[in-house]
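In the part that follows, the structures are each spelled out as structure tokens.
Heads up, the next two complexes both have chain A, just with different partners, chain B and then chain C.
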Partner chain A sequence: MKWLEFLVEPFRYPFMLRGLIASVLTGIVSATVGTYVVLRGMAFFGSALAHSILPGVAVGYLLTGGAKGPLFWWGTGTAIAAAFGIGAISKGAEVKEDTAISIIFSGMFALGIAIISTVQSYTVDLTHFLFGDVLGVSSQQVWLIAGFGILIVFLVLAFYKEFLVLTFDPVLATTLRIPKTFFEYLQLVLIALTIAVSLQTVGVALMVAMLVTPAASAYLLTRRLPVMMALGAAMASVSGLVGLYLSYYLNVASGPAIVLTATAFFGLSWGIRSLRGRAARLE
Partner chain B sequence: MKTLFDNVRKRTFSRRHAPHHPDAPILAVKDLTVRYENGVGLDDVSFDLMEGERVAVVGPNGAGKSTLFKVIAGVIDPVEGAVEVYGHEPGGHVCISYIPQRSQVDWSFPVTVADVVMMGRISKIGPFRIPSPDDWQEVEEALRLVEMADLSKRQIGELSGGQQQRMFVARSVAQEAELMLMDEPLTGLDVPSRENVMRALNALSAKGVTLMVSMHDLQLAADHYDRIMLLNKSLITFGTPEQVFKKEYLAEAYEGRIHFIEGEMDQMVVEDSCCEGERDEMA
Partner chain C sequence: MDRKRNGYFVPLIFLLILFCLSACAPAGTSTRADVDGKLKAVATTTFVGDVVSRVGGEHISLTVLLPYGANPHSFQPSPQDVAAVNRSDVIFANGVGLEVFLEDLIENAGGDAEVVHVSEGIDLRSFPSQTDDGHDHEEGEDKAHDDAAEQENGGSDDHDHDPGEADPHVWFDPTNVMVWVDNIQETLTRIDPANEDRYQENAQTYRAQLEDLDSWIRDQVTQIPEDNRYIVTDHTVFGYFAEEYGFQQVGAVIPSPTTEAQPSGKHLAELSDTIREYAVKAIFVGKDFDPSLSQRIAEDTGVKLVQLYFGSLTEDDGPAGTYIEFMRYNVKTIVEALR
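What follows is the complex of A and B.
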């Protein structure tokens, strides 16, 4: 019975329970959307987008005097605006795409930090924006995360065929007259919303780990897209759970604990894959 | 009986998609010119194709074969000129299938053979719907036509080069394509695989599908195709193999890269055995 106690004990606190729900939900959502991020090679875009929302969050933080509720909406708005901005820049830039994106996102990131730094004793709040504060999630925020999470997963599933063709064979999408631009921007919006949803859990600096790591781990283990999505979502939510235990018992910050667990899963998947490869060669 | 079936199919088909003018050629290309940043892609190309024809497109590397296919498929826009399918602008037609060179496909993508073939049907299935048992039936029949029914559950990376090409032929069947553009399907294949692909193409042709296939092997083109299109930026000539394979035309198309061996058979050697596929003209 000791083990059961060990497992249940942290979640006697309501804030831990809210944190658990939030991190499991964001894990599922970001792994689902992250599947396409991994397959389309958009990890850098995701990372840039996450960093770019900081000034929006910072302005919201100043205007509302530190209230957490409205920050979700500031994050969402900035994320969508930044997604369209980066999308447009990467199409029409005079320099190489990754250079253009780097300039914009580091500039935006610096602007965000500059704005927050005008407030006295800003370091605590800045840390929360950068690395997440899942234990500070309010129940209103849990509802927002749940609502948007369901919307995002619903859209991914509803347009499963279209996203699949667009990712695997854009030329086929053109010849089949699928509205490519619409779906490309919808995909950007979904990534933006996912980032806004994960803001509270892992923060802007670690966000890309939630988008990419579980989906990439799943990619190593399966060659079926639906399985990859489900497996990625499972690993991401277990990472959320294990991360919170680590955070509780080892007194580690929750965001990094979740990300490190996801990273460990990736290492494990890699190990399994190379063992399988060796077994296949021996046969 | 077959024509009756075809008529019914075409009528049902055209109600859902762009109108087909019955007497118009399946493909009419008029004064097509494409320019890339580093030069001419296609120069004033015009020709007509009638339903059910089998055309081989030959010419040296960088002759614009891929470019021509991409314009017809609607992937790139010409600077000048027009493409008409059944007497109408190509927009709205989903009856064209374009199969890119193998090197342009991500073979590690987590999809099975059946998944890829099903992609051909997604505009027919329509948004928000999953494939019906009838759709899967079509996929199975398409795979049977190319003799790959037993491989439907394979991950696409496990296929041989010839099987990869036949999978795309099956996708065109599932798409109910009426005009198929295939970019160098035989490049890099061994002789048995080539024969399998040719057999799959013949099966498609027997269904009344119009074929346009680019290739490097002039002998193969002469043996298996009704008409040969000799291309080098501009259309050198277009006709039966006897009309096209003449010294003056080949010398013009291949410039310095052809040698004539005088002898009783009047042999020619073309020094353009390409293995890498055409240079990336999209760059």
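What follows is the complex of A and C.
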């Protein structure tokens, strides 16, 4: 009975409930898309994309005079544009992929900060985009996250086979005449959308943790793709829940609490894996 | 083919970035023409700038570092600011740890300007105290608010507090700004004795205006029923104001004197409870700060979200163009919200 109270108590408050729904939803979506990010070694790309959103949000902010609603769309548009830009450059430029990504994302990020620094009238500061705050999510934003989340997960499932072949056997993809470029860019767009949607929960700085950590933890425990996705999504959702409890009972900010819980899950998965490995060797 | 096209794409992006950068170059600073050897003064916040210009009048050439609307907690100086500091004779700062950027700035700029903390000599409140205030209130519910404020004020010997823990938002109380006027007058007279009489005259005129403001505020506050005199804000700015005019600052969305912090779930839950418990009528937020957290709490608890000016004056023709207009605007809005 006491335990039940302990568990229910934080969610008497509407903002905690909205935060829970938002973080569980973004957790599921991020982990699903994040599985491909981990498998294809695109973690750095994800991090870069999150940072590249800043100038778009800043320009949107200047043009709309500070209205909060349109900022989401500016962020989403910039994320998609940056995904295409980084995709094109890392394919075409004469430098290594990580170099190309670094140049674009730090340039975009600097541009964002430069634009923000010129805003001199009475302004809402944009630093909350860097850190986000899941406790400040409005019910409208929860619906937005839910809508895009369903779309993203639907696309991942609908093109499950194509993405699978593309990830594990590019040669087979060519033989099967799968439009490789189309699906590669679709994947980039899905990552971009996921980032734009999840930004409110943890912000630019911690976004890549949502994308990578739960998926990587799942990767340590299984090699079967559907199981990996489900396990990652489960760990991400539980991280959201536990993170909010920690934020409530230990009095810490919510975003870092969620990310630290996800990190703890990764440590746990690592431990289980090495125990399993030892057991296998003993047999 | 593919490669060739992308070969143009990359330089194009750089050009675009350069173009954007040049397009958003700052449109000039507030540096005023420096003519015929006037005393060159720099002020940090727009409040300090306004008061310095009241006392100095046309006898000084003044540069204000913080642009209108900038949040003093997160301000970063530009190269022009560094140059202005380097050329100046005297720098007037709010002090009490508000200008985090100042020490580095002065070190970088060099020059031999004297730094004057205009808040020197004010009875500083220590921080944090919003939760304590709440408990105090529970214990002494029947205590008249004005009495409580008086007692706290009279009995305060907070001078030996660590300045890092002191509340820097001294400008919300005009009696503190009178101390600023004294400090500014004293400094200007010392550096530029030739204009002593002018400074004296200006300071006296302005002090009289501040006294008018003070009694006007006391008069306005009487319109608010005593049971409504509870203040909740986005970050704790109203400590001095509450003490002086008999309010209780019962909570803040960000439990910190700076806007650069994130609240925990626990804290927001307690704040919601406090708002219900005290039947707080409004949450006051600064216009220079993202209101979304405060807005959620206001929606959840069913109270008003009211915007005020906190960290900066507005442009000259705005509703808070001078310090006195700033206080009048805020007090009027508070009275309307709590009445």
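In this text, the second predicted complex is superposed on the first by the 265 of 283 C-alpha atoms of A that agree within 3 Å, B and C clash if a C-alpha of one lies under 4 Å from a C-alpha of the other, contacts with A are read in each partner's own complex, and residues count from 1 in each chain.
Definition applied: a contact is a pair of C-beta atoms (placed from the backbone, for glycine too) under 8 Å apart; a residue touches a chain by one contact, two chains touch by 3 or more.
Since the model is a prediction, treat every value here as computed from it, not as a measurement.
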Original post:
Can A:137 be said to touch chain B (first), chain C (second), both, or neither?
Top reply: second
**OP:** Examine A:91 and indicate which partner it touches, taking first as chain B and second as chain C; both and neither are also allowed.
**Re:** second
**OP:** On the superposed three-chain arrangement, identify whether chain B or chain C touches more chain A residues.
**Re:** C
**OP:** Considering only touches as defined above, state whether A:185 meets chain B (first), chain C (second), both or neither.
**Re:** neither
Original post:
Given the touch rule stated above, what does A:225 touch, chain B (first), chain C (second), both, or neither?
Top reply: first
Original post:
What is the contact status of A:39 with respect to chain B (first) and chain C (second): first, second, both, or neither?
Top reply: first
**OP:** Figure out whether A:247 sits in contact with chain B (first) or chain C (second), or with both, or with neither.
**Re:** second
Subject >> chain A positions touched by chain B in one structure and by chain C in the second >> reply: none
Subject >> chain A residues touching chain C - in the complex, by the definition given at the top >> reply: 10, 12-16, 18-19, 55, 68, 85, 88-89, 91-93, 104, 107, 111, 114-115, 117-118, 120-128, 131, 133, 135-138, 244, 247-255, 257
Original post:
Which residues, counting only chain B, touch chain A once they are in their complex?
Top reply: 70, 73-75, 91-94, 96-98, 100, 105-106, 109-112, 115-116, 119-120, 122-123, 125, 127-128, 130, 155, 157, 171, 175
Original post:
For the complex, which residues does chain A have touching chain B?
Top reply: 39, 158-159, 161-162, 164-165, 167-169, 171-172, 174-178, 219, 222-225, 227-228
Subject >> chain C residues touching chain A - in the complex, by the definition given at the top >> reply: 2-3, 5-7, 9-10, 13-14, 17, 20-21, 24-26, 67-71, 74, 76, 78, 259-260, 262-269, 272, 287-293, 295-297, 299-300, 309, 312, 314-315, 318
